[in-house]
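Following are the structures in question.
Okay, so chain A shows up in both of these, paired with chain B first and chain C after.
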Partner chain A sequence: MARLEIEGLCKGWDFPVIDRLDLTVEEGEFFVVVGPSGIGKTTLLRLVAGLERPDAGTIRVGERDITALPPYRRKVAMTFESYALYPHLSVFENIASPLRARGMAKAKIEETVIGVAKLLRIEQLLNRRPGEISGGQKQRTALGRTLVAEPDVFLLDEPISHLDAKIRHELRLQFHTLEELRSVATLYVTHDYAEALSLGDRIGVMGNGGLLQVGTAREIFQQPQHLFVAQHLGQPSINVVEASLSRADGSLQFTAEAGSLALPVAGPHSETLAAHKAGRITVGIRPQHVQVAKAGAETNGAAVVEAKVEIFEALGATGILMAESGGVKLMALTPPDAEFQHGEPVKLALRNEAFLYFDADSGRNVMIG
Partner chain B sequence: MVDGSAADEPSGGNSALGRRLDRGDPATFPEWFNTRKPRANLIVARWVPLALVGLPVLVLFCIVVYPTVWMFYHALHDTNMMRLFQSNWSWVGFENFATVLSSPRFGDSVVHLGIYLTFGACLQVLLGAALALILYELVKNNFLRVVFLIAMVLPMMLPPSIVGVLWKFLLTPSNGAINQALLNLGLIDQHIEWFNAGMSLWTIIIADVWNWTALPLLIVYSGRVSLPPAVYEAARVDGAGTWTTLRRITLPMLKEVIAIAFIVRFMDAFKFVDLVFIMTSGGPAQSSELPAYIAFQRGLREFAIGEAAAYAIIIFLVSAVLITLFLKYLKKVLKAQGFA
Partner chain C sequence: MSRSNYGLVKYLFLAFMGLWLLITLFPFYWQIITALKSAAETNRTIPTFWPEVLHPENFVAVFAEASNFNALVDSFIIATGNTLASLFLGTLAGYAFARFPRQAGGENMAFWVLSNRMFPPVAVVLPMFFLFDATPWGTDSHITLIILYLVFNMPLATWLMMVFFRDAPRELEEAAYLDGYTPLRAFFKVTLPLVLPGMISVAMLCWIFAWNEYLFANLLVGTNVRTFTIVIPTFTHGSQTLWNLQMAFSLIAMLPPVILFILLRRYMVRGLSLGVVKG
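Right after this comes the complex of A and B.
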């Protein structure tokens, strides 16, 4: 049992993929790395597992420097995105394989494997082959193989991304309760932001070859330090408006570069933004901060604009509406029973005190600095 | 809250926040990337791949490269056993090749080889492929399949000397089992002279087909097993019958596998000596000689080493051209399917 410390980790092939990445996962912590496909998340895990050799940097588990150790001497266990089960072995033998490799006594192996299988609720499948079980069951088998290894560090690579929504949720809940995972350092990689927000004690958003922001679910969702972070978290994703700041009637407002949409800046933001040297700014507006009302309805609030419905998706528990206002397309979340027609004129009431402002060049959150 | 999140960071920060990395723009690449050195991977030590490749290369050099060079050298000299021991051979240019190419014996053997390729090697592949597909389609029970496969593969496992003697024995004209059986069945009314001049090459082909049909069978069978079942289910949904499925799906998908079976059998055909030697010794009157057999006969029994080497080189060149054409075709097929 130990913490995982990564310092200045670098790895590249034709181009740099991981660039001076620093990360510490405490013992017992469930750390989720989230980021879009191809950003280097799996590479990070493979580096920690020893399947790739870093170009620079160190990886430590507790006091041990494992940077130059081969995978089998690292005391890490990894599940693969493709499960990587041995197709010719039964579920039992698949789970038992790390124990056999270690030369554990037969009776002890049986006890351990059955224990883990019960925990994952696959004990009735132990005699089946991977070809004869479903995707969710394969995933549990792969997870079981990782759990029995009793490593210092768990590495989980998109373990539930390829499963259907129902099983994904079921397994997600199971991750919350698995003592084994919760007692050592776990590095969990996913591209699904909901999974990350749900599971992570802390979450790291990957981008630019490293971690753009590390924090709790609430922190990174509400206070994204970078536009990239804001864009990656949330479904539907955040509305991004490239705009220029100007002063009208003594108060600050921004006008979209793509059209005529102009919105006032909320009071608390004005001071910081006024000090912001560049006139150009990228505004992030979360869909849940856009309220949709029928054209004739009474609306209050500082920022109300006229708009026209382009697409409306009724999704049961909620609805997603895309409307066009002054040349800018905005997404909004609507209440479950709302109904809109294509081309219908509507009013959008925007909660401008919840807007996020990013530097147009660096993408950094201007409010956090 | 805003400032707290940064200050209270326990460890491992947001180091990437203050920089830009665009994979398409080398100007944004960090310093370490441009100065890094290649590193061995962690799973195997650096010497392991070297040793694993190096040792076989060394062995191959001794048993393939050296003898081949030696052969090319002596093909251009008047070497025979006597001169070899006296280290007294002399340069004759392409005389050995001229001797070989102008001899009627060589011409006849090429005709024999053509017959053998068509009715031996090709027939084996076609027969093997057909048997493989029939076995796969008709026998659905796994145990039975294995039993059939083993039964059909058994001939291939016998050493060629045994196969030769066995068939010589079975085909003995006067009291061999096959003639006797054909007589008893009333199919013939006198013994077939299996080993006379007109027949002996065909007799060898019969034995060879029996011996080697299992190889293309195995190759095609394993190819058929690995075809995705979903394609066949789709074909059934589309309403394709057995014949259409075979012609439009199975055969096209097995093209390259069958091509590999052809390559293997053709390569063997060019160096086919064993059964010829045991069953007929090329006779009677050289009527069943193949080029490789003559090379063997001239070189190792009559010790005309220079001439034998010339034979070997001619065979080598012709087979090299043929195999290259095959491989070209195979590459084209694989490329079309996006494998290579």
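Right after this comes the complex of A and C.
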């Protein structure tokens, strides 16, 4: 049992995929790396697993430098996105594989495998082949194989992304409660932000070959340091408005570059933004901070605009509405019983004190140093 | 197409297939009835389509000369020895081409291996004779043909095994590494079982080729070692051909490959269903 330390890790083929990445996962910590497809998340795991050789950097587990060790000597276990179960072996033999590699006694293997199978509720499947079980069961088998290995580091590559929603949720809950996973350093990779926010003790958002922000779920959701982070977390994703700052009646406001939408900047933000040299700014508005009201209804608040409904999706527990106002399209979340028609005029009340402001060039959050 | 036309096409198709069957099965029929005829009956100007008297003792008579049975044994040793060697080398080479193409010499090297089969074999008969003559065991031994047939069977085994290894997901090997297996152990634990059905098909192809080979056997061996293929022509004497014995002997020689196929077919079918399991 030990912490995982990654320092200055680089890996590229024709172009750099991972560029000077630093990361420490404490013993017992569940660290989730989230990022869009093709950003290098799997490459990161394969580097830690030893399936790829880094171009530069070091990987340490506790005091051991494992950078140059082959995978079979690293004491690292990994589940693959495709599960990578051995098709010619039974579920039992698949789970027993790491124990057989170690030459464990037969009786002990049986005891261990059955123990893990019970934990994952697949004990009735032990005699089946991977081809004869469902996707969720395959995932449990793959998980079982990594659990029995008792490694120093767990690597989980999109373990539940390809399952249907119900089983995904069930397995997600299981990840919360598995003692074995919660007692060593775990690196979990996913493109699903909800999974990341739900599971991670800490979360790292990956982009540009490194981790753009590392923090707790609350930190990275509420205070994204980078536009990329804000865009990647949240469903529906954040509204992004390219705008220019100006003063009207002594107070600061911004006007969308794509149209005529103009909104006042909330008091607490004004000071920082006034100091921001460039007049151009990227504004992030989370859909849950946009309230939708019928055209005639009373609304209060500093930032109310007229809009027209373009798309409305009623999703049961909530609704997603896309409206157009002054040439800018904005997404909003609506209450479950709300009903809107295409082309219907509405009012949008925006909570401007919750807006996020990013530098138009670098994408950095200008509210955070 | 109208209904009656469809029926007509169907009957034409059946007629064609029937004719085809007749053409392909006739030689077997002729082989069998000839093997059961007397020598005199085989040489009639007007052939008979069914033996007047059945002579099953022909199948025993072919072994009057003990060396005829030894020829089957020699063929068996050579075919099996060559198949094992082809599989061993072809599997290793195929694995290298599939997993480490750059280190193994890439596409060009793989093509060179295959190109050895494009050569007209008769062109190298004489050099081969002198080459093997210079070895301690000489030309007239099992090992000569076992090695020589590698020229044809190893490229085949290499290429087919290469394709099978390419189809075997690399991730399974990687999973085995992470389970704690060294590359060699992972190969035997995961990869080899996956390609085993393919390997059995390759083995059958190699074995049948080596079993049936005539040209090189005829020119290189003949005294210490005789394959059955060079025994068959010996039933032709100066003045006459013992057609009945020749056919009886070749029927017996057909049995081993047929039995082999029936025995191994089960594994091949099982292998096919294994292949559809997604990793």
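Just so it is clear, the second predicted complex is superposed on the first by the 369 of 369 C-alpha atoms of A that agree within 3 Å, B and C clash if a C-alpha of one lies under 4 Å from a C-alpha of the other, contacts with A are read in each partner's own complex, and residues count from 1 in each chain.
Everything below uses one rule, namely that a residue touches a chain if its C-beta (ideal position, glycine included) is under 8 Å from a C-beta of that chain, and two chains touch if they have at least 3 such contacts.
Remember, predicted model here, so these are calculated numbers, not experimental data.
Once chain A is used to superpose the two complexes, chain B occupies space that clashes with chain C.
Of the two partner chains, chain B is the only one that A:Gly207 touches; chain C does not reach it. By the document's definition of touching, of the two partners only chain C reaches A:Arg145; chain B does not. Contact with both chain B and chain C is seen for A:Pro71 once the two complexes are overlaid on the shared chain. Of the two partner chains, chain B is the only one that A:Ile6 touches; chain C does not reach it. Once the two structures are superposed, chain B and chain C can be ranked by residues of chain A touched, with B on top.
Residue contacts after overlaying the shared chain place A:Ser198 against neither chain B nor chain C.
Once the two complexes are laid over each other on the shared chain, residue contacts for A:Asp19 go to chain B alone; chain C is not touched.
In the superposed model, A:Glu219 lies in contact with chain B only, and not with chain C. Contact with neither chain B nor chain C is seen for A:Thr58 once the two complexes are overlaid on the shared chain.
In this superposition on chain A, the options for chain B are 58-66, 166-174 or 256-264, and chain C clashes with just 166-174. The intersection of chain A residues touching chain B with those touching chain C, taken from the two complexes, comprises 50-51, 70-71. The part of chain B that touches chain A in the complex is made up of residues 1-2, 5-6, 9-21, 23-24, 26, 29-30, 32-33, 36, 39-43. Touching chain B in their complex are the following residues of chain A: 5-6, 10, 12, 15-16, 19-26, 50-53, 55-56, 68-71, 204, 206-215, 219, 223, 225-226, 362, 364, 367-368. Per the touch definition, chain C reaches chain A in the complex via residues 169, 171-172, 174-182, 185, 189-190, 193-194, 274, 276-279.
Of all residues in chain A, those touching chain C in their complex are 49-51, 70-72, 76-78, 80, 82-88, 97-98, 101-102, 129-131, 145, 149.
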